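The chains carry the letters A, B, C and D, assigned in the order they are written, with residues numbered from 1 in each.
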Amino acid sequence: MQFASDNTGPVHPRVMAALAEANEGYAAPYGADPLMDAVRARIRALFEAPEAAVHLVATGTAANALILGCLSQPWQTVFCARHAHIQEDECGAPEFYTGGAKLTLVDGAGGKMDPDALRATIGAEQSRGVHGVQRGPVSITQATEAGTVYSLDELHALTGVARDFGLPVHMDGARFANALVRLGCTPAEMTWKVGIDALSFGGTKNGLMGVEAVVLFDPEKAWEFELRRKRAAHLFSKHRYLSAQMHAYLADDLWLELAARANGAADRLAAALLGRGILPDHAVQANMLFAHWPRVIHQRLHAAGASYYLWSGTLDGDDPDAPLTARLVCDWSTPEDAIDGFAALFDSDA
Amino acid sequence: MQFASDNTGPVHPRVMAALAEANEGYAAPYGADPLMDAVRARIRALFEAPEAAVHLVATGTAANALILGCLSQPWQTVFCARHAHIQEDECGAPEFYTGGAKLTLVDGAGGKMDPDALRATIGAEQSRGVHGVQRGPVSITQATEAGTVYSLDELHALTGVARDFGLPVHMDGARFANALVRLGCTPAEMTWKVGIDALSFGGTKNGLMGVEAVVLFDPEKAWEFELRRKRAAHLFSKHRYLSAQMHAYLADDLWLELAARANGAADRLAAALLGRGILPDHAVQANMLFAHWPRVIHQRLHAAGASYYLWSGTLDGDDPDAPLTARLVCDWSTPEDAIDGFAALFDSDA
Amino acid sequence: MQFASDNTGPVHPRVMAALAEANEGYAAPYGADPLMDAVRARIRALFEAPEAAVHLVATGTAANALILGCLSQPWQTVFCARHAHIQEDECGAPEFYTGGAKLTLVDGAGGKMDPDALRATIGAEQSRGVHGVQRGPVSITQATEAGTVYSLDELHALTGVARDFGLPVHMDGARFANALVRLGCTPAEMTWKVGIDALSFGGTKNGLMGVEAVVLFDPEKAWEFELRRKRAAHLFSKHRYLSAQMHAYLADDLWLELAARANGAADRLAAALLGRGILPDHAVQANMLFAHWPRVIHQRLHAAGASYYLWSGTLDGDDPDAPLTARLVCDWSTPEDAIDGFAALFDSDA
Amino acid sequence: MQFASDNTGPVHPRVMAALAEANEGYAAPYGADPLMDAVRARIRALFEAPEAAVHLVATGTAANALILGCLSQPWQTVFCARHAHIQEDECGAPEFYTGGAKLTLVDGAGGKMDPDALRATIGAEQSRGVHGVQRGPVSITQATEAGTVYSLDELHALTGVARDFGLPVHMDGARFANALVRLGCTPAEMTWKVGIDALSFGGTKNGLMGVEAVVLFDPEKAWEFELRRKRAAHLFSKHRYLSAQMHAYLADDLWLELAARANGAADRLAAALLGRGILPDHAVQANMLFAHWPRVIHQRLHAAGASYYLWSGTLDGDDPDAPLTARLVCDWSTPEDAIDGFAALFDSDA
């Protein structure tokens, strides 16, 4: 009953096999390995973007922060959702990599930015001339930190606001596959066709050991990206082991299969909870859900071996009836019986 | 005949096996995995440093730059050898991670810093009060970029100078094992016992996929290190795969065995060249050597399939007799017949 | 009818005279001038803080940003009011000088931070361990950007929250004198006695040409401050001309006299407007006020030669009745007849 | 007998008068004052550069560091003379303002960069692809820190090297006037006509209180410069007092007159010393000279009230015969009798 995160499960066996296969003989370092050529070609084809610059890094924070470094100036501000990963969970990596840019938070329901709120927020910045920070990129998380997914129309509305102000758009796709599978569209449709300029294309949360692709649909900043990556110590000497993971991820649509499994597990969990009268806080559209129940129930669930994070409140406290919020995350490896067993803990006879 | 670098060879099979073994079930992320507890205990025991803070990162540049960030202030300067990796091969990562500290270069023979030169160089800095940058840490590379190894006495002389000025000392041990095997001393003797405050303990160049340990002998800055690592995007969510590599590396002294093999290969190569009248530029004490021969010979060697970097000059040029400098690096996997075959290319009948 | 800012008026004649007097012969540079010794002694006496470190800079933004650099780490966040000068009017100088710290905005009425909001906001930060930015200093603006003044009790409540979390407290005193005169307390009472650790002691907005004192009540970081100031290019070679201004400012309580004049002018303006039925948006406690009236009136006032900033809205627009907000600032030189003449413009026969 | 620096003397009376004159009534802040319009027009005319962007700051370090920030990327290195002010006397301001760029030192005689050395040094950088820092701007100090002046041919040779590598060129003209007067050429000839892209046009060392102009001959980065200046806290609210100084400086060629006086004083000092058999270390071409004599003489001179810096060695020491190096600087206010009196101290009967 492991629902703590999509970073606690194992690497998919086909990825492990690819690593073993890549471990033969000598290979050129620093991204000059032949597997990287194959990965680049595959991603360009997948995204229908033959000119795109494609690079690999090992963490999602590195992908996000390096891209924001390329898209921002130090005296600008990045627009993102109030609870975006870049705001809350990267210990200031965007500020570090951009040389001290700000993040300006945009409100909206369900973990999303609202287009009108985005327009108003951007409009309010840079009204002070040289005295205030200047408008910088818009960063959209797809799927969001709340487990919701922007529709193509919603993405289009956000990128339209950015375009009106002449601002570039980043997509934090740490859970890109989960969103794509839910929308049933093509990678191109969810990115450059709707106005995304640069993408953090996640793999780590979806069955890899630790690889994210950075896709710059406009390759103009490709060399700057490479210098930033090296300077940030994120260029791997034995790069073939990054390439091998991403290669296996994309082969035979493994990435889509794993995301579909994770989404399906979250759906099953949501349905099981709903059957017990528990309604998630947001629409369950990716691989996680948020829900609340009294502290005393949390304590019982944890005692029974369920593992998940409390998003608000703490297990210990005076009021057993206090409604705490849980975050439950599934990944490709979440067993169905873990879900069913977890849900059964809510039954009166549990 | 692959002598380009110690980052082009394969990962050792026991490390691959450890990764496969670690890939079972769920594990806590971000360094809270049980394997990391074992790694921490093992490194503390190995270094006879029960209080040391031990953390893992994936690249040597990250280890170096994060440590220098902890040991420096932005308005200080780091003292290092003229051709140190932190000066020449990290695209300014130390400057980035320190918030803009300088590097002041110290001369010496054989890729080493000379203690008298270090003393004179440190003395010359900070003579201008608030107007100049201030003295910061001393960074020593062991083994050096020239393939030489500081003796314990030499290390002691350098750290003594640093201590006289009250400066902390970093050791860039990307090839720590190669040096240790050559000196035949203990890890403690080559580090804190001789005055090293913080160590980049390399694994990547010696059979791992991509892991370096950071050892802070004084744990006071451990939490700062963790914040810097996270902020720099070098904290791995699926951390167990770093732990597993380092765990296998240290088990049954694999790390020493691999370094001994690499050193032995370089020794064999040096002997074979010497037998052809070619004297290396420096003492061959780790796993690489530098030597020069005419351009026309380089061209013949490359044509025959030998792979190595030219440290000065280029393959293409007008003068066939121009003496170019080659760098030849061995690792644990370098086959003896590759060495012998390479040397044979120098024979008149080759 | 100049109410645009307290930076558009002339320098007080006694300050000009002091500059002329200082312009005799040779003087040691970089703060070693004898006048600086006198300034340091005077400020220490004034603040009853014999150990305080005292330094001069030429702009308020420099004072704020340098202090925040000393009090923060790059991975921390600074807590300040939503419309603080450091957030809105310094083009990211705090981020630049701190190496990329965040600013976290705290709500409250009348341009102030509310103590409960401060406690809740601080409490919410750093709940994510190494993943989120860490709690840093609290920055209090006195007088506020809204022209209000914290009472000593209000200051005490804010610093108490900071102390509960172990956080240092900065006071942005660009209009320190205006607040002090209003409260009628001593400089010590409004600073270290109520828990302020470091002060930007403004002079520029109150009759000087361009000088602010930085007062570090705990001198531990004095040398770091000097290095940061030099590195930021804010150490003046011909420093005597900064010293001379501050010396004249403090002599014979000129600073208090000028602030009292500016406050009195704002009071007179507020009374004159109130007599015309116009109520300021906030209590008028320093040297400025905010008020709103229809666009058509703004247009008439500007046409008549009145000069002030619109804090919301623009002179040009479709709706003549749209209520726009004006900011009106007085300084020591604001003539009474300018105030009366301005108010008279509201009269029906104007 | 004050020869310590050109920052210890008084401000010229005409500059003081201009400040007093500027202190009338209200003036728009932040560079929007009418005097700044006049300054901009005057500098553009003077430099025959009608498109140039012109801005004022208060310190030479600010001018240099802001310009280098505009001309560099953080992953580049700036090429400058070994003892350039930006290397030795700015406490790392260039590193701070560029976001961590390096400085690479170029050798040459007489405090100058040698063009061949510059070519070799630039050539050696960036030979390591993404692994090393990239080539950035060339910074030329005119007059040099050694009191010498590049001829137009020498400048042309240096800028030619930069142009061959596609690098922009900065001139640190803290003593621009001194050099210009010596060469007897026009400002245009010594700058953009010979390939200078951006100029720190010094005033502080030549009779002003604290003003330097930044001249960007290509105005493309003008807005970026303004944002960097504001973010660095170097935009003055009461800007008219910077404008007034620069305006008076350029009126009636005061700046040239003052530089001619300072140069003349240095010439007189050199001649007087030469008459006593003391040969300066470098050609005396601007307003300072370096010379050496035994410690015992230094002690006698200081005891007699002469004030100057020792550039090597210290007054206190065991060996009375040790030859220490003195730096002697003149400015517009250096009296002839101080020079003559100083020289007379060397006479046997002194």
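Heads up, the rule we're going with is that a residue touches a chain if its C-beta (ideal position, glycine included) is under 8 Å from a C-beta of that chain, and two chains touch if they have at least 3 such contacts.
Chain by chain, the UniProt names read as follows: A, B, C, D = Low specificity L-threonine aldolase.
Just so we're clear, the structure is a prediction, and the values are computed from it rather than from any experiment.
Participant: Over the chains that touch one another, what is the least number of steps taking chain B to chain D?
Facilitator: Minimum step count, chain B to chain D: 1.
Participant: Matching residue numbers in more than half of the contact pairs is the bar here; say which of B-C, A-B or B-D clears it relative to A-C.
Facilitator: B-D
Participant: Report the inter-chain centroid distance for chain A and chain D in whole angstrom, where each centroid is the mean of the CA atoms.
Facilitator: 51
Participant: Between chain C and chain D, tell me the centre distance in angstrom, where each centre is the average of that chain's C-alpha atoms.
Facilitator: Using C-alpha averages as centres, the distance is 34 Å.
Participant: Can you tell me which residues of chain C touch two or more of the remaining chains?
Facilitator: Only 74-75, 90-92, 96, 99, 130-131, 227, 230-231, 235 qualify.
Participant: Provide the residue numbers of chain A that touch chain B in the complex, in ascending order.
Facilitator: Touch list, chain A to chain B: 2, 4-5, 7-11, 16, 19-20, 23-29, 57-62, 65, 90-93, 96-97, 204-205, 209-210, 227, 230-238, 241, 307.
Participant: For chain C, which residues count as touching chain B in their complex?
Facilitator: Within the complex, chain C touches chain B at residues 30, 73-75, 99, 130-131, 134, 224, 226-228, 230-231, 235.
Participant: Sort out for me which residues of chain C touch chain A in the complex.
Facilitator: Residue positions touching the partner: 74-75, 88-92, 95-96, 98-103, 128, 130-133.
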